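After the structure tokens below, expect a handful of questions from me.
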Amino acid sequence: METKIRSLRDDIDKLNLEILEKLSERAKIAEAIGELQTQTGSSHYDPVREAEMLDALTAANDGPFSDATVKSLFKQIFQASMQLEQEQDKKTYLTSRSKDRGDTIVEIRGTRIGTGESPVLIAGPCAIESKEQVDVTAAKVASRGVTLFRGGAFKPRTDPYSFQGLGEEGLKLGRAAADAHGLAFVAEIMDARDLPAFEQYADVLQVGARNMQNFTLLKAIGQSRKPVLLKRGLSATIQEWVMAAEYLLYEGNPNVILCERGIRTYEPTTRNTLDVSAVALAKQETHLPVVVDVTHSGGRRDLLVPLTKAALAIGADGIMMEVHPNPAVALSDQKQQVDFDSFDAYLEATGYDKKLTPDRHEVYGF
Amino acid sequence: METKIRSLRDDIDKLNLEILEKLSERAKIAEAIGELQTQTGSSHYDPVREAEMLDALTAANDGPFSDATVKSLFKQIFQASMQLEQEQDKKTYLTSRSKDRGDTIVEIRGTRIGTGESPVLIAGPCAIESKEQVDVTAAKVASRGVTLFRGGAFKPRTDPYSFQGLGEEGLKLGRAAADAHGLAFVAEIMDARDLPAFEQYADVLQVGARNMQNFTLLKAIGQSRKPVLLKRGLSATIQEWVMAAEYLLYEGNPNVILCERGIRTYEPTTRNTLDVSAVALAKQETHLPVVVDVTHSGGRRDLLVPLTKAALAIGADGIMMEVHPNPAVALSDQKQQVDFDSFDAYLEATGYDKKLTPDRHEVYGF
Amino acid sequence: METKIRSLRDDIDKLNLEILEKLSERAKIAEAIGELQTQTGSSHYDPVREAEMLDALTAANDGPFSDATVKSLFKQIFQASMQLEQEQDKKTYLTSRSKDRGDTIVEIRGTRIGTGESPVLIAGPCAIESKEQVDVTAAKVASRGVTLFRGGAFKPRTDPYSFQGLGEEGLKLGRAAADAHGLAFVAEIMDARDLPAFEQYADVLQVGARNMQNFTLLKAIGQSRKPVLLKRGLSATIQEWVMAAEYLLYEGNPNVILCERGIRTYEPTTRNTLDVSAVALAKQETHLPVVVDVTHSGGRRDLLVPLTKAALAIGADGIMMEVHPNPAVALSDQKQQVDFDSFDAYLEATGYDKKLTPDRHEVYGF
Amino acid sequence: METKIRSLRDDIDKLNLEILEKLSERAKIAEAIGELQTQTGSSHYDPVREAEMLDALTAANDGPFSDATVKSLFKQIFQASMQLEQEQDKKTYLTSRSKDRGDTIVEIRGTRIGTGESPVLIAGPCAIESKEQVDVTAAKVASRGVTLFRGGAFKPRTDPYSFQGLGEEGLKLGRAAADAHGLAFVAEIMDARDLPAFEQYADVLQVGARNMQNFTLLKAIGQSRKPVLLKRGLSATIQEWVMAAEYLLYEGNPNVILCERGIRTYEPTTRNTLDVSAVALAKQETHLPVVVDVTHSGGRRDLLVPLTKAALAIGADGIMMEVHPNPAVALSDQKQQVDFDSFDAYLEATGYDKKLTPDRHEVYGF
């Protein structure tokens, strides 16, 4: 019996190599076709042609594989050939990490994100509510060495009756406060038609989780050169998130920062579930910087410090968080923003107090 | 022991009524304040005032409740009072079902959705690909009594390199095919700036799952009077979905149809998980018609018939599905669209063949 | 150019057929090996042999496919061959629907589940709490034609300090009440060591969601011949659920009823999300009866009627629900059980009043 | 107007204090009742009594609150009172962190988990497959300073036809290998009836994710004094996981180690989603040590290092991972186990090489 099996296995081994030979030959021809198609600008994928080939194969099939199995196997072969044809294209998937391309470093008014060295901190109130509120917060974060100041002027709110932000007036207040304290200004954009105002007042265009697949918006701001902070959608896969970044790069904007902000799961204790694996995989598969929004990930003040530690340990290039002079009376996110004392405690507990240089803006001559 | 407990319980009973009396008295004063605030247009919710009251209470608290419990109890009391103040507002939540308001019936070129009688069927290809494709499909569905024809001209695609639809040209082809066969035309809008073209060519503005919380888009089409088909987001809660509809009604567009299309879960066998409870709850909590997209819910042809049966049984006002002359070569959704023979079989298996009246467009004089 | 592509495509067509020929030849030999292995009782899958074949192939590979692609393609080929070897085994996947096997009908004291005709109703309290409670409930449901009476004696509770059921005493009370009113008795088993008591007192062994992958329990009750009601796990895939049933059939118990009871998702409005697709797919892929627990699916009384309609429309063979003489004081599931008046209303609203025959137990001579 | 509002607010302030007084008085009486109930061993929660009180209140209610609001407010008050009654009980929730109780440190043959100092490493093959395999792996991990050796003898497998482990023979092989190399032995228990064998051969009883709510098993091993490694269920909430630990402590076993192993989400790129927040919250809410299974969390070798870094940064007391002499031919988890070279690389990349002391077993005199 053993001998018999061994002999049959030798036959299989021979056939394996013969099949490989045929497959390689087929692949070379497919490559040649692919090149011709690229020259004529026609698509590599031709479903009609594929259907015809499968029909011919199942017509010729006498078993023992079922027609379905034959179809499935040849679809794999077609796909492998097509991947071969697209490998150059793939190398040019603009977000993909590849040998000949280093990490993208996004520079924002002197702060560089994605260097692999000291992580950045983006801090500020959830929403810009008044001149005074935005000014004291900017002063506070600047005094601790923060260089990137966030503050929402247009707020995406589930309920139409909730505070929707101060709009363009908020942008101006944010810009003024940032300028007064030598900060760069990060604000969320929700409408392509607001792009001119953001070009004027903001330094970073934030795309919120709800707009991650607002392709219209992505295409518009892909044509800007302003750095973009692209949040992962509420329940977007990593692949969908990276493809959203691909839209931006494809339109010509290379300054993209990915932002993990927790995903929607069944767990009720936290507002979202921070997906640290996504940070590791985004760093591994793309060349873009990745930051983590620890405020929205957990939705709890008591998780800000531990989530920051985990995010930095897994390789995040920075952290985003919300600070407010008086969270209890904030117009949004009351439970999540920290006050100034807690912000000081946060910096100490996370080690950020040693990573940030409070006198930096003097160095850079602001 | 029993007697002792009984006596203590009598004390509790008396205190219960005394507390109720005080609470009611408090509530009446709160109502009076609420009315004054409504007159002055100021917000009912004043977090600073609330913080002061809580401080006063915890300062006065001698136990046995902890300060945290006192705060928590009084927050409940404040909230209940505020709800009272907002009850009128609440009655005017525009999407809410209420006694004095019947079911919304949306009329589209003679077809009425939400009557509680015969369910509608919205059918057509995923994407409009060519004049011929859209025309033969329109002819097919019209011949079976369908009156609502769907077809995408602008396609939201995860990958920027996928077929993105024919754009405005697609809208024109869809309009022409619909007109030629006496159909109303349903198409997805992704950009507020395209609204004029949709006003001209489409009968129903579809908002896709990825744009359900694109508030910019919602506000824009809320100002149109075209019927809107609002899909539930990939992982939107029922509350978020209804609030997205509230944006539309708030802006002035009463012609809103909700569309359940499955939610994202861990189950890998189906593309999404059809949430029939959401259909029942949306019908129960709102006055809007609800339809179910059975094509995207399951993402499988073999589930179209059973999901349709379940959706109609639970009270859906209609079904949306995708039909294509040759799904195998479709430019999108190859696995989900049905061909014409399967469409005939679908109508029979679901009983739709008896619900639709093939000669209707003659009746209506198209 | 066109001509050139056409000529290359002809070459591909020829190669396709040659590859198919080799693959078929290979598959026949693999089948022969498989038969020999089945005779010797050795496993079809031999990872060492597979690793050697892949090494030989990549050693021989000169491109253009990368070694990884060659490995991947041949793994597909190996898998297809192995599937072929296992096809008989697969036909003997005991849960799989196949031509030569009709629907399984489980008979419980005269009630037949899975006939495709009138759906059954399983009703009774969440937990058996007292002689009186179980008796009046049994009387009530029997008076309405219900033949299957549920009631928990051993309760799986998240919190160790919650009411854990009356244990064996509860089983006896349930049995007595069932006997008094001509009912079959369904009770949840949590421990293999309790099987003798269940053999004596229960007619159906319910496996709860939390125990769906308690393989020890599955193996034990697979050796019984009592009908088993196997609930889907809290977040089990359909495949995992069917494989849990396979454990039961494999051990020799053919009397398995699948029970969908909602899955855990992010949606907070319902306790679980009823997955109707799972009902359709379980009916399609297996020959087992499928019932739906509408009480736990929604966790809301106001969803019992609509969920029942959807479940029956999609092909469920029956419904399970909870009835209690006074839900407000029940020791568990207060929010979900219905009282007797609501039970009457439920029967009417769902049409069950016409499907059940109240005098049935006389007919059957109880 | 302002003056009017201010005057009404003064009335409210007075009423607030009066309500507080009544509530406190009520709470004191409730406490007294609670004490009496504790003496008689009767439950604090009496739903019938509660229903009667609510009836009395709604009967007395003249508005402006609706009866529903009155019920809801008083339920809050009842609950707060009951929490007060249970506060001692609560302090004695055995898993809860409290002032008077330090961190639990579990000691296993000289290795201490939960000290807050150097994290432990639990390593070994997924399944024990043969004497040689388990021996070389034990030798390998011991040579690198690992002191806790894992290896499954009873394997929970979705498919009944998959390799189910060597059973008791596996336990013996694991014990022998552990002894030969001075290691403690961690093995998964699936059946309460196997406890005597585990008492004899294993040092740590692992409860797998699928058995986290197998309350029968929890009760049984709660009566052992062997340390237990309790994995979080596939989609268990943090609360459910902690309550499962409560079962163990309640039964008398204080030696419980919690193990986060990723939760089931929609994300397809990783097998599970590691929930680092759960680690932080479990450490914060309980006094038990928490370790992280990085092998099952990601299900990918390329995530072992980054997930380990994140887990340790957020405060995990240790890591569990799978090592196999030849993962490609392993009988389970082929894609996730690492070979010996990769294990060395892992230790270096995570810094574990500096945390473990390879000569430790000499120190401890093994």
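Some observations on this one:
Think of it as A, B, C and D in the order they're written, each chain with its own count starting at 1.
Simple rule for what comes next: contacts are C-beta pairs under 8 Å (C-beta built on N, C-alpha and C of every residue); 3 or more make two chains touch, one makes a residue touch a chain.
Since we're looking at a predicted model, the values are computed, not measured.
Rotating chain B by 180 degrees superposes its CA atoms on those of chain D, with the angle stated to the nearest 5. Of all the chains, the one whose CA centre sits at the greatest distance from that of chain B is D.
One simple way to say how far apart two chains are is to compare their mean CA positions; for chain A and chain C this gives 39 Å. As a whole-number value, the distance joining the C-alpha centres of chain C and chain D reads 29 Å. A straight line joining the Cα centres of chain A and chain D is 32 Å long. Chain contacts: chain C has residues 235, 239, 264-266, 268 touching two or more partner chains. Against chain C, the residues of chain B that register as touching in their complex are 235, 237-239, 263, 265-270, 273-281, 284, 297-298, 302-303, 306-307, 309-315. By the touch criterion stated above, chain D contacts chain B in their complex at residues 1, 4-5, 8-9, 11-13, 15-20, 22-33, 36-37, 39-40, 49, 53, 56-57, 60-65, 69-70, 72-74, 76-77, 80, 83-84, 235, 264-266, 268. The residues of chain D lying in touch with chain C in their complex are 47-48, 51, 89, 156-161, 190-193, 210-211, 213-217, 233-235, 239-240, 243, 246-247, 250, 264, 328-330, 334.
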